[in-house]
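Each remark here refers to the structure printed beneath this line.
A, B, C and D are the chain letters, set down in written order, and residue numbers restart from 1 in every chain.
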C-alpha cells in the first residue's frame, strides 16, 4: 500500500494512544469530555489516536453512540493526527460497515481483533484473509494481537502469511503476553526473508516498552494515563538514547504497572485521566470495574509518589 | 410474579423452540422466511418461541435488524403463543433497552445469559441481581445457563438466591453440560426448602430430554429442526407416559445427536429447516459454519434414515 | 515403520478399547478386577486395548501402580491382542521413561496427548516432533487429539507435517469435537498429496462412530461399556454393510450418549462394567465423580431399556 | 491450631521464597546446587522456603526425585527456617501421601492448589474441605490461590468458610490477578466478623508487593531472584516505613517486572540465580522455556542497569 496522506502505513511510528470513551456519572456519553480528552492527548504530543478499542468500551456503545464518538473525535483532531478506529465485531458484515463508516469520516485505518473460537493457524489466517478481502486494498488494517482477551493466538507464521498476501495490512498491535520473543521473530524473519516490514506498536499498557523498542517495535499503542511519558520514551529511542529512555520510563513504571491490572485497570486509568483534568467523570459502563475507597487512596498515593519523583 | 396473560411464568411448560434467524444467500435478513419459519414452528405445535438467542445469531444483527426480527415474529404469532426474546449484551444499558423494546412489542419475557468473566458465586449473583433490579418486577426473566458458551458457571446456590430475591425470575434455561444432577438439585432443594418452584426448560439440543423430564424439567427450549418430536415427547411425559415418550425420542436421536455438534450444528439445523421447506436459504452469517459436500451427503443420509424409520 | 509383529501400525483397525482401571471401594488397585476386566474385553472381541489413558485415571496412579497395571494387563493378554499404553506426562523425560517401560513389557505402542499451553501450529508440531525424536523410530506412536481435555488444537496441517517427518507416528486417536470435517481432511489431503496413510481410530465415546467410519476412520478407540457393539459395528463397516452397522449402533445410542457425559461419564461407565460383572467396584479415585441414587436409577433404567430392545 | 514450634501458623510473616529446583544441563537433579541454592536463600535472610511448587517444576519430577529434593533441602536448612512443601496432585491419595512424607521429614506445612475443573464456590470449598479432613488437624495448610494457572477461582466467601471450618488452614498464598481487592476483603471481612486472622503471603512475582503490604499482607511467597530485596521491603513495612520500603522496591521493579512474565519468567529467574552463583545451570526441564541470545542480552542489560542503580 502506498503511503497515502493521512493513512497509517508500514512506516507509522510513535505513540497511538488508546483513547478512553468518557461517560457522565449517569452512564451517558460525555461529548464535552470526548473533546477535552482529545485535546489532552494532542497536547501531550501523541502521534495518533486509536478509538473504540476494547479499553474504549466499544462493545457497550450503541451504533449511534459509536458513530457519534467517531465523528466527534475525528472532527476534533481536524486531521492533525491520524486516528485508527477499532471495528472488531462478531459479524464480517458489521466489520465491513464500521470500516467504511470510519474511513468515510476520515479515519487513518482500522484495527481488528479476531473473533473468539479460532483455534488453528489456518483458522486465524482465514479469518483475517477474508476480512482483508472484504475491505479491499484501500483500507489500512492494524492487526490486534491480544490473546489474553480474545483467546486467539496469532502465530508468527500467520502474521507473515497475511503480510505477504495483503498489502493493506500495515500494522501490528502487539500485545501477546509474554510476547517479546514473538516481536523479535516477526522482525527477524521479515528481514531474513526479504519481506515487507510492517509497523509494530506495542500494547499491554506499555509494561515492556523499553525492551520492545530494543527488539524492533516502532512505538506504542496503549492508553497509559501519562501519554507524555510514552511519547518522550519513544522519541528518545528513535534518537538512539535507550538508556535515557528507560531511565524516564522507570520513573513511571510503578504507576504504569498499577494500571496494567486487567479489568480494574480501566477504572484506574479513567480516574487518573479525571484527576489530570482530561475528563469529567471516571465512570465505566456496567458491568464494569469501579474503584472503592481503598482503591482511590492507593491510586492517590501512587500518583503522589510519581509527582514527587518528577518534582 | 402473578401469572399475567401472555407472559411466561413459573408454570410455563412445553416446548419453547429456539428460533433460527433466516437469511438470504447474500446474508440479508429474509423476512418472508421469518414468516414461514414462524408458521412452521406454530404448525408443529410449539408452546412458545425463543428468538434472538445465540443460535438466532443475535450478535451478528444490527440494531435495526434486531428490531425488525422482534417485530416480525411477534406480529406473525399474533399473540397465539408466548415469545421469549434473547437480550444478552455486554452492557446493562443495552440489556435494559432491548428488554423494554421486546416487552413493548409484545414479548412474553426475556432471556439473559451472563457476560463472560464472572468467576465466583458472588459475581454471578451480583450480575443477575443488578439486571433484575434494572428491569423491575414486570419483566419476566429466563436465566440462560450455558457455560459451554459463556464460560460462566451459575451454581445451584446462586440460582436459589436469585429465585428467592427476584420474583421476576421465573424460568431457567438449563443447558449446563453435563448438568443433570444440577437440574435435580435445583428441583429438590426447592422442595426441601419450601422455595418457589420455577419453570425449567432444557437446551443442549435436547440430547438428554427424556432423562431431564424425569428429573423434573418442564419442557424444552431448544431448536432441533423436528420440533414436533419435542412437542410430542413433552406431551407424553406430561401425560405420564415416559416409556412411550422415550421410544419416540430415540427414533430421532441419531439426527438430534448429529445436530448437537457445536458450531456446525447451526448450519446443519438451518439446512434441515430448509429441506423441510421452513426457510429458503440455510445461510449462516460469516464468520460461521458452512456445509461442504460431505456434510450435505451425510446429513441427507441421516434424514433419509429418519424418514425411513418413521415411515 | 514396517509392520512389526505385535506393534500397532498404519493398517491397524478395529476396536482398541480404552480400558478402565479398576479400584476397590477403598481406592486401592484391584488386580483381580484388572484381570477380569481384561478377560471381559477379550471375550467381547476387541482388537486391542489402550490402557492408562485419561479414562484410565492414569494421573491418579503412583509410579509403582502404573507399572503394576502395565505388567498385569500385558501378562493377562499374553500377546493375544496389541496393547497401547498412554504415556502422557508433563515432562519429556517421563514420557520417555514410561514409553521404554511400556515397550519393554510388551506394549504395541504408546499414546501421547500434548501438554497444555501449546497455542500455535508451530508449538504443537515442535512438541510432538521433539517427543518423536526422543522415542526414536522403534516405538510406534498414537497421537491423542482431544482438545476438550488438553486445550490444545492439533491442526490438519500439523498432523500431516508430523506424518511426513516421523514414520513412527502411525495412528491418530481422533476425538476433536466437533471433528468430523477434520477427519475427512486428514484422509483426503493424504490421498491428494500421495502421503502415507495412517490409522485413525475415533474416540468421544463413539458418539459419531457410523459417520466417522463413512468418512474414513479405521475403527474406534473408546471405552463404551458394551464394546461388543463397537466390535460388531466396525466389522459390519469393514464388510461394506453401513446400514446394518448403523442400525445396530442406534440401538445402543441412548446409553452411549448417556455415557458420553464428561466427568460423570467415567462413573457411569465403571458402574455399567460392574453391573456386567467385569469389575467388582465402580469406585473412581477422588477427586472424581460418584453416582447418587438418582444417577443409579437413571442408569438402571437406560440399561433396562437397552436390554429390552436387544431381547 | 496452636502455634507449634517449627510449623507455619496464622502469625507467619516475612518472605517464604519459592525455591527453584536446580538441574544440570543434562536435566538431572543437581543436588549440589540444591544445597548452594538453599544456602543462598538463607544468606539473603529469608524467613522460610517453599519448595516443590509450580515454579519448582514439581510436576516434572519423579517420585524419587521429589523425595530427594524434600530430604536434601530439609537437611540443609537444619530446622533453621520453616520449609513449606507443595503437595498439589490430581489425586487426594497422593496429596495425603506427599503431605505425610513432607511432615515426617520436617516440613513446616504444606501448600495445596486445587485441581482444575472446579467451577462453583461449593465445588472449591468441597475440594479443600475434603483435603483438610484427610490431612487432619496436625498438618498446617497454605491455600494456593493462583487462578491464572489452575483456572480455579477461590472466592472470599470460600476462603472464609474454610478458615472457619478448618483450624489447620493457617495461610493463604495470594496470587489471584488482579487480586488486590480480594486481599482487602479477606482481611476486612475477617475483622468485621471476628474471624480468625490467617497469614497472607503474596505471589505473582511480588509485582504488587508494596500495595499488598499496605492492604494487609504479611509478606511474600515468591521466587524473585533477588530475595534480599523482598526481605528488606517486608522488614521496612513491618517497621512502619512504607515509603522507604517502596523506594527500595522500585529500584528492583524493572527486573522484577521482567521476571514476572509467565512461562519464560522461570528461565529468566533460573538464569539470574545462575549468574548470582546460586546454582550451576539454568536448565528448565522440557517442555519448558529456554532463553535465546536476545533474551540473554536483554536480561544482562537489565541486571546491569539494576547493579548500576544499586551502586
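As a working rule, contacts are C-beta pairs under 8 Å (C-beta built on N, C-alpha and C of every residue); 3 or more make two chains touch, one makes a residue touch a chain.
The structure presented is a predicted model; accordingly, all values stated were derived computationally and were not measured.
Taking the mean Cα position of each chain as its centre, B sits at the greatest distance from chain D.
Looking at B-D alongside A-B, one finds more C-beta pairs in contact between the chains of A-B. Separating the CA-averaged centres of chain B and chain D is a span of 46 Å. Chain A and chain B have centres, each the mean of its CA atoms, that are 38 Å apart.
Contacts with at least two other chains are made by residues 263 of chain C.
Every residue of chain D that touches chain B in the complex is listed here, in rising order: 119-122, 147, 153, 155-158. Residues of chain C that touch chain D in their complex: 27, 59-63, 90-94, 97, 115, 117, 127, 130, 263, 285-287.
Residues of chain C touching chain B in their complex: 177-178, 180-181, 184, 207-208, 211, 214-215, 243, 246, 250, 253-254, 257-258, 261-265, 292, 294-295, 298, 302, 305.
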